[in-house]
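This structure is in structure tokens; I'll ask about it shortly.
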Amino acid sequence: MDYNSMDTEIEALGEPKILSPLGGGEKSLTSQYFIPDNTRILIDIESNKLIKMVKEGEIPPSFEKAGPRSKIFFDPSKLRCAIVTCGGLCPGVNDIIRSIVFEIYYSYGVQNIYGIRYGLQGFIPKYGHDVINLKPESVVNILEMGGSILGSSRGAQSIEEIVNTLKKMNIGILFMIGGDGTLMAATKITDAIKKGGLKISVVGIPKTIDNDIFMVSRTFGFDTAVDIATQAIKGAHNEAIGYPNGIGLIKLMGRYSGFIAATSALAQQNVNFVLIPEVDFDLEGPKGFLNVLEKRLHLRKHAVIVVAEGAGQKFFETDNNERDESGNIRPRDIGWYLKDKITSYFESRNIKISLKYIDPSYMIRSVPANANDHIFCSFLGRDAVHAGMAGKTRLLIGHWNNYFVHIPMSASAGKRKKIDPNGKLWLSVLHATGQDSFKNE
Amino acid sequence: MDYNSMDTEIEALGEPKILSPLGGGEKSLTSQYFIPDNTRILIDIESNKLIKMVKEGEIPPSFEKAGPRSKIFFDPSKLRCAIVTCGGLCPGVNDIIRSIVFEIYYSYGVQNIYGIRYGLQGFIPKYGHDVINLKPESVVNILEMGGSILGSSRGAQSIEEIVNTLKKMNIGILFMIGGDGTLMAATKITDAIKKGGLKISVVGIPKTIDNDIFMVSRTFGFDTAVDIATQAIKGAHNEAIGYPNGIGLIKLMGRYSGFIAATSALAQQNVNFVLIPEVDFDLEGPKGFLNVLEKRLHLRKHAVIVVAEGAGQKFFETDNNERDESGNIRPRDIGWYLKDKITSYFESRNIKISLKYIDPSYMIRSVPANANDHIFCSFLGRDAVHAGMAGKTRLLIGHWNNYFVHIPMSASAGKRKKIDPNGKLWLSVLHATGQDSFKNE
Amino acid sequence: MDYNSMDTEIEALGEPKILSPLGGGEKSLTSQYFIPDNTRILIDIESNKLIKMVKEGEIPPSFEKAGPRSKIFFDPSKLRCAIVTCGGLCPGVNDIIRSIVFEIYYSYGVQNIYGIRYGLQGFIPKYGHDVINLKPESVVNILEMGGSILGSSRGAQSIEEIVNTLKKMNIGILFMIGGDGTLMAATKITDAIKKGGLKISVVGIPKTIDNDIFMVSRTFGFDTAVDIATQAIKGAHNEAIGYPNGIGLIKLMGRYSGFIAATSALAQQNVNFVLIPEVDFDLEGPKGFLNVLEKRLHLRKHAVIVVAEGAGQKFFETDNNERDESGNIRPRDIGWYLKDKITSYFESRNIKISLKYIDPSYMIRSVPANANDHIFCSFLGRDAVHAGMAGKTRLLIGHWNNYFVHIPMSASAGKRKKIDPNGKLWLSVLHATGQDSFKNE
Amino acid sequence: MDYNSMDTEIEALGEPKILSPLGGGEKSLTSQYFIPDNTRILIDIESNKLIKMVKEGEIPPSFEKAGPRSKIFFDPSKLRCAIVTCGGLCPGVNDIIRSIVFEIYYSYGVQNIYGIRYGLQGFIPKYGHDVINLKPESVVNILEMGGSILGSSRGAQSIEEIVNTLKKMNIGILFMIGGDGTLMAATKITDAIKKGGLKISVVGIPKTIDNDIFMVSRTFGFDTAVDIATQAIKGAHNEAIGYPNGIGLIKLMGRYSGFIAATSALAQQNVNFVLIPEVDFDLEGPKGFLNVLEKRLHLRKHAVIVVAEGAGQKFFETDNNERDESGNIRPRDIGWYLKDKITSYFESRNIKISLKYIDPSYMIRSVPANANDHIFCSFLGRDAVHAGMAGKTRLLIGHWNNYFVHIPMSASAGKRKKIDPNGKLWLSVLHATGQDSFKNE
């Protein structure tokens, strides 16, 4: 990746001039904890590359380190802020809501915190959704709940109306928890805010269970998702070995990237085939997947297949018409497609198989965060508050090289992180499964 | 139910004349533990009914109590026995295998225990499946494994070939773990054994995750199934409340009975609608399900629906042709059918909903047993061994009024237990959900 | 047990004359669901015993079946009721609170439901605890919380003051969730109520994680407790096999009975020794436990021991003084006592062992109920409401021969259920562990 | 930390000259995957520091990146290697054993893999422990087992005897999974190997559930430990809120560092006090812990305290004698010490409390790894194999800034990682708990 041309500077609403309430007093420790803006975390940390760059006079790309600043932009006693959660469910959303509320309330003394209901819809008057007044006592017990206490929705809404609502509500910081679409909307919202001369900070916390936000090494909920996905794989394995020529086929989330599929396969090491969007594969032909699967069954009597939902989308281009005629109930669903293809392949070869298809997606998205994600989310929420209070805007709270950092929305929105087919993760999957390329010449 | 005409006598291969090795010696306690054959457990235990019957000179129906007998039929040093597991996976199958092996090996000293692979197929030479020699050390660690270490298969096989194999292998006791189909096969096998003048005991352990074996109050794996099903319901609930007009639709197992659906709805008390095979319902019309669902959404903005796979099969009679045309990929699947019906209903009413469909069946069947089923299975296995060693045959090990009992196969095979729509279970579901009858006049 | 002399009649405050709101109307099913008072469940259900009794003119003992009655005693519109939870934590307490509130509010229309805080203390003015107004919305989400939302406390309080408070609050039904001590208090409270000519129904729901309430086959929370206890046993097993001469020693709850210890040992079948209060054992001597343990280590290199907290109390009689001198921090704690004895025994024999002591008690008591207990508790709560509304008093909701029944407090309070050393449970433990009697002549 | 003087160079047995079997052939992808030795990961990645160093002509410290090398030192067909696991149990040990066996067997073709039993004892003839022949089929199913299939032991053994055994067994690579003591032994073993002119590579995989290995950002098993620890905290919270003045006191692992205590407190955000070895605290006095606890109880009626086992060791210096007299059963156990101190403090103030003490340590250590640790361990095992095959020695496989790296044993052994009282982790704990310093002037 060419990080060098990437913009890594963080915008601000103005100069923060108010002394942070976090410093001083009895807990003097905290004052040492303040992060200066010029503390930056290198993006590429391979030593030799780095030394070469510096010696050649280049400045190696880096991200601003997240954390509390000694001076803040907003006056806590007057500030009103809002939280909105958008898109699909993801474990940890409630953790972040709780973490934001606790930090901004107890550490900064901000008392007006509003929860916007049902995603961006909540900003649009015609939907008539109410606004929730968030207090520590209303969120203290939400850690063990899956979903989002604010509710969510999908789809775009009028940027103008959103900004109007923010204005009317007199919001100073808007915390947006959402995926790539939400970040795109967030960028437009900040544009409109700027154009309108408003002083509203927009802080994004990237949410995608697929873990495919560009320049963000890990998104919250992913660890939990892998946890639960491995249980589905165990089940598939038991079904596969339980019958002659048993096949367990699991579809996991991952529209554009196969992180959940690949990582879960590594966690539960009895997967035999992993199919992901990043790696092309053929079904037919001597090296095609179906033929390899047949060989595997011949040798071992069972097989476990994990397929990411975005894998093999090429098949739908050619098969499209056919599917439309049959009612189009499951358009472009690679899981059902594979199920049908495998079934008819073995039928045509007169080989009896026992295929079990498992789609645990909604059971994964809707669970509460595990311990690891609880912690991760508590940091994300706190650092989002620090960034917002400092008047920073148009940024994401990300995680890079094990540090929490500020990432400009422009550096991430509209691009996607993908599995490198030559990288450690995918090659480890190849080792663990022993699978081949499924590509004919 | 008319229990009175039911045959409750247990057949035996002959008179047991060998002193059980369980009695005597240091563990003299055990000898007190022997259960005489005439210890019987009443089937109907309502006091007044019972007293009336006895006074009128009738003999109230009862089952033989399971447990070790003081005299056994088979000579342990010569006995060879076999275990076979048939049909769908169910939590606890491995527990029962382990329990049988441990009890017959350590308590009775039987050393030749064979595991038949892949269900009834394992008896049929043409499949070429091997036979597994089962020893305590090979099954000691299988408790935490889901599935069946022997494998399973569905479908009938030639009774003649099965009996031939038993004869060739010189089997004395055949333990059959399987559902209603298996019990039917077992009955035929015992017929053929009898006709052939063979001395082979056939002991069934009824397996059906649906818990619908007639005259058996609880089958193993059911408790575990409900455990896991409640997790799916929690997920569905989170999805439902997460979106405006959110609907969580979960299909649970239960072809002919709704025990898992009803019981899980009681365990996880945020289900709003439960649809089961035993209770008819309409979709259309003023009191039909769709209209009631609309009212619910109007009032509460979300709904959680649990449907047993065998519910609403009447819809497929009329809609059959239509479905056939569309490829018939998921014939008679009430889950997808409801999903389609709900979706098009609200589309036609121009109401935006967010429906999430969850089918956790294979994730439920394939898990290991929970603690409760571990214990239950360990008793089932042990009592199966005691019955077999005593030369009893053509019987099931069942559980009735909290006692383990011997049930003649003829009393159970081919009939099904169903939820009583006027009974405590279903009426509790009605209370818990507050749901109505969904029946137009 | 001699059930025959036991009083099984249920007291009532008066004749119920009000038509139950559960019957009639649209849900006409419910009316068929009403249980007449003369529907009774036999206590001993061995067929031959029973027939003999009836033929000899005796009336076999039975319990009244629990469930809704067609006529009720209290006018729902005027009724005020209270719930109190006493003694140690137990999984499922919140389930029962929720079930009572939902049933009495929605089915009967009672709107004044008070939660008494911190057990019996909550009735005593000097403690100054507040009373909680319980509504469906305040308890709807408490299923997944461990503990008791009302709080609890131990110890007796003045019966007079309790009854005064009930009077002042104008309570009609008091639901008491508690153990043996609470039932004793409940009996005295009903005495005082009677003497005072008050019309207050007292309905007990027996709570004891030890499962040792007399005449109650299963108490809520027990199934969950066994679930969690098996996890501790797995850990102990791993520790034991992880080291040369590794010993895993787990102390489980069970002051007067070893049900949790015995049942958990059956669930997790790698326990080698189970010590319970009901079965005496020696430590020293050729057949004593220490010597047998040594032999086991010699043969198998590891051992897992489960001890119920009430086992071996005889050792404290002789060792008492010695313990007092050493500070008496953990008096009569058989876990630490065994740990010390085993350690010094092997030290004296110059054998190196690696003993790990695990006491999971507080981790077990404090978890939320599992699915099975969720269901069980929801029935207990509902049947408690039905009994109370019908004006019944001085009774427990119990479970016997798989039916929910009414048990007079007098039949149970002050007695304890114990493991029968000749019964199926304990002999199964002997089989599963292979353990001996640990008794010298 | 002064990384600059730290030795980061990795020793090797000689130049690797054999072409790695991983490259070439059909899976040509893999060849691109080879990591050159000069790919190094920066240790400190703060951008400005780094740039300054380079500009001043210094070489910033870095670690060699782990992964497969294109050339290897050992001939796979002749190589014999051994695995030993030492010290306390830790989730993931079996994962690493499995990962090593699979990688070295399938990827490199090494067939002779020996499992040394019971830690370093297994090398010493006098103990008479056998050696286990490890094959993929013998380790394929060990992922879900806690503990170590090889067993472990504590304590030093003769370095000479160990090296003699290695020599006799003709071992080429020794994989040592163990904590700080093991790494010290490993260093001595490599010294003796070198002195003896032997060609034996020693590769360490640092194991400490406390996560306190110096220069290693995360050790395996830690994530799982936090997972389970949070369950104990939930229980303690339920016990605390369940009684008037309820106190839940949990002791967690952490002899020299409080990582588990601090991290678990962040995961389960209802902890009120965290006590760790790195932060001194007073018990007595106006700002002492006991006084602060009293204030908390006065305000909130309950408190949850997490204490790391190594916290407050200073108290044992003064109180030592007293403890010795009382039998010295639990010397220097801060958990029991705090329990006693809190109890007597409130007794002396005549305040009734209800304290529950929970020590889940052995239940935490002995569980199987969670999904996250499964994956982490699979990488550690594979990278250990790659390092060993390349002839590298005297190194650890570590994780730093999100990369797997080679760390010289000398850089880590004998030092410990500790929580920085001014760092993000601890200050987040202070925020989450709201706790003060507990230090009098």
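By written order: A, B, C and D. Residues from 1 in each chain.
In the analysis below, a contact is a pair of C-beta atoms (placed from the backbone, for glycine too) under 8 Å apart; a residue touches a chain by one contact, two chains touch by 3 or more.
Keep in mind that this is a model prediction, so the values were computed, not measured.
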Furthest chain, CA centroid comparison against chain B: D
Type of chain A:chain B copy interface by residue overlap (half), same or different: same
Whole-Å gap separating chain A and chain C, where each centre is the average of the chain's CA atoms: 46
Euclidean distance of C-alpha centroids - chain A vs chain B, Å: 41
Averaged-CA centre spacing for the pair chain D and chain A, given as whole angstrom: 29
Touching two or more other chains - residue numbers and ranges from chain B: none
Chain D-facing residues of chain A, complex: 26-27, 29-30, 32-33, 38-42, 45-48, 50-51, 54-55, 59-60, 62, 65, 67, 98, 102-103, 106-107, 140, 143, 217, 223, 226-227, 229-230, 263-264, 266-270, 370-372, 374-375, 378-379, 382, 401-403, 421-424, 427-428, 430-432, 434, 436-437
Parts of chain B lying in touch with chain A, wherever the complex brings them together: 89, 118, 121, 127, 129, 145-148, 151-153, 231-232, 234-236, 238-239, 241-244, 248, 326-327, 329, 336, 340, 354, 356-360, 362-363, 365-367
